[in-house]
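In the two assemblies presented below, subunit A is common to both, partnered first by subunit B and then by subunit C.
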Partner chain A sequence: MNKTINQKAWFFVVPVFILVAFNAAIPLMTVVNYSFQETFGNNVFAWEGTRWFKQILLSERFHAALGRQFAFTFIILLIQIPLGIGIALTMPKKGWGVPVCLILMSMPLLIPWNVVGAMWNIFALPDIGFLGHSLNGMGFDYNFTQQPGDAWFTTILMDVWHWTSLVVLLSYAGLNSIQPAYYQAAEIDGASRWAIFRYIELPKMKKVLTLAILLRFMDSFMIYTEPFVLTGGGPGNTTAFLSIDLVKMALGQFDLGPAAAMSLIYFFIVLLVCWVFYNLMMKNEVQS
Partner chain B sequence: MKKYKWLVPTLYIIFLMLPIYWLINMSFKTTTEIINTYSLWPQKFTTENYVKIFTDSTWYMGYVNSITYTVFNTVISVAAALPAAYAFSRYKFLGDKHLFFWLLTNRMAPPAVFALPFFQFYSSVNLFDTHIAVALSHCLFNIPLAVWILEGFMSAVPKELDETAYVDGYSFGRFFFKIFVPTIAAGIGITMFFCFMFSWVELLLAKTLTATEAKPIAATMTRTASTSGYELGLLAAAGTLTIIPGAIVIYFVKDYIAKGFAMGRV
Partner chain C sequence: MAKITLKDLSHSYLENQDSNADWALREVNIDWKDGGAYALLGPSGCGKTTLLNIVSGLLKPTKGSVLFDDKDITTFNPVERDIAQIFQFPVIYDTMTVYDNLAFPLKNRGLLESEIASKVKEIAEMLELTSTLNNRASGLTADGKQKISLGRGLVRSDVNVIMFDEPLTVIDPHLKWVLRSKLKELHQKINRTMIYVTHDQTEALTFADQVVVMHEGQIVQTGTPVELFEKPKHTFVGHFIGSPGMNILPCEIKNGEVNFSGKKIPSHKTIKKSNFNRTQIGIRPEFINFSNNGIPVKIKRVSNTGRHKIIDTESSGGNIKILSNSSTEIPSGSAHITFNQKYTYVYEDNWIIE
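And then the complex of A and B:
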């Protein structure tokens, strides 16, 4: 759409600007402020320069948490995106099945995150949970509170349960926007199922899929509540992702300086990756 | 091959329903039964967990608090986002692209980063432990989201609609509320759905900003679980009840969900 230049449009944006600035800028400045200082309690501060940043960037604890975070995000993207596309392709296109699928599949998205964690906790408990009991019954030695491998398995399964539907709904919407004429043309050409997917469906879903990856990246990178309730970051520190580690440092140990420096580094990483995705997405939008 | 296509979504839905079923199953058991026996359905069916929640004010007030701040937040987010989204979809102005990206960056900010400064900030302005504090803090991610979704819907409305209305002598205010808002009603509905959803499921900020007066149900659950030695039955019943508001909201917007996602903006 060709937009007209109108500087007065700023007046329309002012409420949003104020509300978000109030919430983002002021707290962010507090974080920046802490990140350069040492606190002794009672509001006594001393200038520390970039010491905390150096300390965090060189600390093994941060590297480990960052490594775990990237591994987790990478694994869930690798599972959720193909799985979501697959389910969307097999969903009914009309009839009573559509609302049933949409309603039931959206359910996990609307459950408070700590309830998701608690639910999976009692679902996976080795003695009284359905999952844990069944796995042990099948002869696996499964205990997510003690074995790191099992803890990872459970956390990933929980995230797949929680968020795959988002990818499904997005892909389904993308598929629905394809005109029937494309399929008819493909049928006349005698195109294989794979060719239809590769040359018609996938290009049409490009936009929603970029968005799905962006959203899943952001949200999985910030994940806190669900693993915190499920495993508490344990056993040991094996499932302590960035947010969990950060909250431990900030509210648990009250190391404000290092925690603030870590916050800024953390935010910067998310921002950087999202900026790349955002530009990719906008480029797609301009093309189409 | 085609004949068995229905199997994939069916199996997926079964996978989704299993943990939910397990939660509901537990909610109708007594805590002693949960701990001592493993069973696929309640042996001694009891509703005492639910009775406890509906008669104890520390429990049911949790729901009232959660719903209160969620509704506040939805109203504030949509009301503020409407004019802004209109400006982004219709006009070019100084710094519009940067402003739009800046808004989106707030959707990307990890709440864990903001938890502590929010606590100090809202305490210093005497808003700690109020519904409005939680509602305002959730604006951090819901306003950018609302602007983004609404802008998508508004850009789909041809500009001729605006111009015709002005030619017909409509003032801006009358045009906006009488013609424009009804045109994008579906979009507003979807936006409200997403605002409600993200405010309802968030806990970290809601928990950090409240103590007793505005404590969300989700926080009530975590606290009870840790102090009185895991009352699993009660926890399961409270968890089950948190699913209901979401289910109701989904039912109302089910026809619009697919359309909303089709805009490619969530």
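And then the complex of A and C:
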């Protein structure tokens, strides 16, 4: 077959090219630009090489924020994934309960993030908030604005409330796609409930769970709005996660160079973790 | 090992049933002997899978009872019934090896590790899976996976019956034949009751000694493949089995004589009854011959399949298909045909008049 050669066809690619350039490449390049230079405004730049990168990588402030970030993400994954699977397993498979459960589960996902932060802020206020007041009434010394432990507890609780639903919905979809024959075969094979979960449900949910973990990792690793509204990173810096710290550096201190370098490092950490995790999960998958 | 009896079984998936159409199964009575090979044959939606799931205990019938060796086990679950079932799509445990898949039903029943190992080895040998025992089951082809499902049924020595629910649906055509002969061979070797559900007449007729034909939730005929072919008791059987199926033509019965398009047709039985509802005559394309006089037909189309010719004709009473040797000379234009009396049956409301 003779291929028609028509170089004008490249024009069809132009819209996509422009779109990608403006929404990703150019902004990212700006950040790259800042990360290697020093600026004092007025478009005056001075070349700094890798100085900002070295500074960030060696800074204790960054290490602390990164440590807090990993701890937070690890804890919420540890809670949300099993809890999400557990809830999905107990949800009804048919009847009027299905829409009711699905709508209830979707609710938290539909609330704007700053509203979630504000809601939990008020909800947890030690003197007037329902949660804060009740906890204190029960004899706990609870004050998330003053005590780091309480601030962490509240932030984690808020995130679990906000995002477990996503894991539930994904797991539920995964569970529903399992052919009834699998359950019937397991019943005939005399499998226990645990064995059904371990050998049928969990393997069949692997793909959606990989997706759920990736999404929850990325979202929680980049979390900003909710803790910003709830605790503002405090008390002290105890809940200042990476993005909160980054914004402080970029907009609070106007250290654009180090902030740009930190953004890139931040971005590469997310990319690297996702890549490693995805490849580990998919290592044994058969190409089908 | 058990004899299986189904007594007055009816099943409906609905809470309330108003008409026959609300029943997935109606008044099913079957006796299956121990060690036999049986097939349940019928089109999609005729109730054969429902019937199978009732026998295996995955479904509880709305009415009637299931007996194994004359013991009522209607309320028993599949484990208590000791049955094995192979499904349409190969069911395997993806994360386990082939060995662990085969060992799974035995482990669940608490057998000793050494017993399990010898059992699994024996079955793997029988199914030619020995070389892949340590591979992950998810990497196998569809027929390999289906062999595993089959193996999980065979590995238990105590099963009362092994049931197959259209097990070859997802298997490649050239492997279908191989697996089918494997099943037949296994049946002869282990001599256990096997029930095979299918909508494919070739599968049913080659596998089973006795075929149960189902239509709209009812059993229309039970018999050997030859009986089903030579003497269909219901027009559905005539139509469904055979390729092309039986010619079913409207006819009139007067004074014990069968009249089709103005001609008297000799049938294999004399009819004593009078006052009929809708009556039809049934004749297989194989049993129609050309002759000098008889029913006048117009030849419309002749298709040669290589082994035989299928002739589409038109008579004043309806279209008639004829099957003849590919060497037979086919008259062109118009011709006369006669029906072989021995294989000409008369049906009233689709049921044979005997």
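Everything that follows uses one rule, which is that the second predicted complex is superposed on the first by the 259 of 288 C-alpha atoms of A that agree within 3 Å, B and C clash if a C-alpha of one lies under 4 Å from a C-alpha of the other, contacts with A are read in each partner's own complex, and residues count from 1 in each chain.
The rule is short, and it goes like this: a residue touches a chain if its C-beta (ideal position, glycine included) is under 8 Å from a C-beta of that chain, and two chains touch if they have at least 3 such contacts.
Everything quoted here is computed from the prediction, not taken from an experiment.
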Which of subunit B and subunit C A:V16 touches, first, second, both or neither: first
First, second, both or neither for A:G232, with subunit B first and subunit C second: neither
Touching partner for A:P148 - first (subunit B), second (subunit C), both, neither: neither
Touched partner set for A:I103, first subunit B, second subunit C, both or neither: first
Contacts of A:L251 with subunit B and subunit C, given as first, second, both or neither: first
Partner with the higher number of touched subunit A residues, subunit C or subunit B: B
First, second, both or neither for A:S165, with subunit B first and subunit C second: first
First (subunit B), second (subunit C), both or neither touched by A:A181: second
Which of subunit B and subunit C A:M218 touches, first, second, both or neither: first
Subunit C-touching residues of subunit A, taken from the complex the two chains share: 179, 181-182, 184-185, 187-192, 195, 199-200, 203-204, 284, 286
Complex interface listing, subunit C residues touching subunit A: 53, 56, 58, 77-79, 83-85, 87-89, 91, 93-96, 104-105, 108-109, 136, 138-139, 149, 152
Subunit B-touching residues of subunit A, taken from the complex the two chains share: 1, 3-10, 12-13, 15-17, 19-20, 22-24, 26-28, 30-31, 86-87, 90-92, 97-99, 101-115, 118-120, 122-123, 127-131, 133, 161, 164-166, 168-170, 172-174, 176-177, 207-208, 211, 215, 218, 221-222, 224-225, 229, 242-243, 246-247, 250-251, 256, 259, 263, 266-267, 270-271, 274-275, 278
Residues of subunit B that touch subunit A when the two form their complex: 5-9, 12-13, 15-20, 22-23, 26, 34-35, 38, 40, 76, 79-81, 83-84, 86-94, 96, 99, 101, 103-118, 120-121, 136-137, 139-140, 143-144, 147, 155, 159, 197, 200-204, 217-218, 221-222, 225, 232, 235-236, 239, 242-243, 245-247, 249-251, 254-255, 257-262, 264-266
